[in-house]
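Below: one structure in structure tokens.
Chain naming follows the written order as A, B and C, and within any one chain the residues start at number 1.
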């Protein structure tokens, strides 16, 4: 019953937004057509890019390019980040050693690395990977570190008292206890990766969702800009949902938030 | 006239598919300026009755009226003192006490005088600019009582007000409340777990059963209190030692115990 | 006794901590110098740390693409404040309103949710289209980044206020307006300030992005110009400046957050 209610709610909301959109554009013309597209123009452009292609490829090619780039970089960066974060959390020595570098680099927003990445690696994919790496790395480290640090002392003491050796301690106690916050970090990393990729592609890319935006901006094609934004939003949302599913299956002992 | 009338009041909750009868059918008259305490086990509906009188909940059936007017919404004519104090942590003691007054059409000068009167009366002098977190539990409840009283309400509703205090503070507050009620008498509905507290403070004690919440018996305290001259006894401990007091207390305890022994009514 | 199992409990003495920190810092700088000297890349691509510091100070006094470093910073900060200020000015009252009025909630939520998942950067094309090279463009981007956390945190903070405060206010006869301003808002302040912190971070990031693409002044613009002339020290100086200012903003908000949670 609840599921049906929820779906109805969503449909009503979508219908509401569409209504507002139609009213402001086609029906009253409050918003001029060359500033923001109406639903019809949006639909036409969507079909165009999906079926015929725009800016070096069809929609699914753009999506694939972006998603693959984000996913690979995100996976590498977050693995490295989580590992480092867990190590820093578990060992004060490692934390003290790594801190100077980390604290200096951390306040620098990922997007601020783009010019440097371009200088070092040019305008192709490797530059994007570098920036996405930085974007995804930091939240993973911070949250994994916090995860270990927030494990209640009695749990750690129990583990020590039971004489558990280091490998088992990590596998059975440290990591499971840290999972919730690790996933928070992963969620933030994914969001950051996605945002950074779009920005990087906006600046210089031949293929990818950001490149759609760039091309459409240059062509002054508002409807296509909206298609680009819409695709960015939908993909970002889907990836978040996917991560949520993984999170839930990884931690079956948790009550769903 | 500020009396409280419960007329065949029922309150039913729905939890999923289950139906929970919190209050089964209560008819009760609290006379003007009478102090009535309701005691009973958890879940007997006593707090629900108070909340319906306050206007924080609506009866499923029947009506609650104050001064002849049915209760539909909360208001300053029926101020409430909560167990958890519910003082606004971001406001000072004075600002808390003043809060309700500012919604009434009273000029600033009168307001300040009224607030000052109750601050002094409740022993809060010196704490006017303090914040709730700086005060002990007992002090906080004094502020809460002052805040409710300063509105000169027709009816005072107190929901286990001393439940969150330690035993010693509790006793002191009971004496304070008696002093306050003598000085500024008004209609009071007082909810409590503690039988001694009820017998000490009230004119009548209502004993409720649970699931469904019904009135089992109403015990008259006032006539016995006046006959035995409890007010001539100085300290609260000594009052509670009086045979008449003990007799009433035991009687009410027995009524409550019968429910736990599985007796359905 | 496997002491290693509880190395999370192991605390360092002050001396150990100092030694390790210095070691880490030296290792970092040392590695940097090493990479710069062995010429992994031409000198221009990887300047030494000293080069960067020197360039930083030079930029503070000599103008580059129009202004000194501080001139650019001021320009960036001005944009940031406008976007952030707008986000707060709209987000806080709207969040409060949504928490108190089901009607407003029903209307605003779908509109908000449809916009929320769009990365702020993705608004750049429209920003350029609507505002050209004027300040409105970057401010819009910053707003899009800063707005969601403010709204969400204000909404959640007010909606989930402990009901006992609301009941106390109602039984004391407060009007709806008074409940909103004297109970909901103060009670929601910790949540709101937490939202401000996240919001400021996102806003500052969005600013950088906006300036990389659609600006003619500001630190981001400065870095782009540096990148175009392969002037890596300038780029790095820009990164340093951005990092420092971002850090200062966060520290300021953290102090405010601590003050506010003291009650």
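Assume a residue touches a chain if its C-beta (ideal position, glycine included) is under 8 Å from a C-beta of that chain, and two chains touch if they have at least 3 such contacts.
Here the structure is a predicted model, which is why all the values come from computation and not from measurement.
Comparing mean CA positions across the assembly, the chain most remote from chain C is B. When every chain is represented by the mean of its C-alpha atoms, the one lying closest to the mean of all protein C-alpha atoms is C. Put simply, the C-alpha centre of chain B and that of chain C have 50 angstrom between them. Measuring from the averaged C-alpha position of chain A to that of chain C gives a distance of 17 Å. Averaged Cα coordinates give chain A a centre that lies 55 Å from the centre of chain B.
Partner chain B is touched in their complex by these residues of chain C: 164-165, 167-175, 178, 182-183, 186-187, 189, 263.
Note for the complex: chain B touches chain C at residues 54-56, 73-76, 78-80, 82, 84, 86-91, 99-100, 102-104, 131, 133, 147-148, 151, 157.
Chain C makes touch with chain A in their complex at residues 1-12, 16-17, 20-21, 23-25, 27-28, 41, 45, 107, 109-111, 113-114, 117-126, 128-130, 204-205, 208-209, 212-213, 220, 223-224, 226-227, 230, 232, 235-236, 238-240, 242-244, 246-247, 250. Chain contact summary for the complex, chain A toward chain C: residues 13-14, 16-17, 20, 35-36, 89-93, 96-101, 104-105, 107-116, 118-120, 148-149, 151, 153, 156-157, 159-160, 163-166, 169, 174, 194-195, 198-199, 202-203, 210, 213-214, 216-217, 220, 222, 225, 228-229, 232-234, 236-237.
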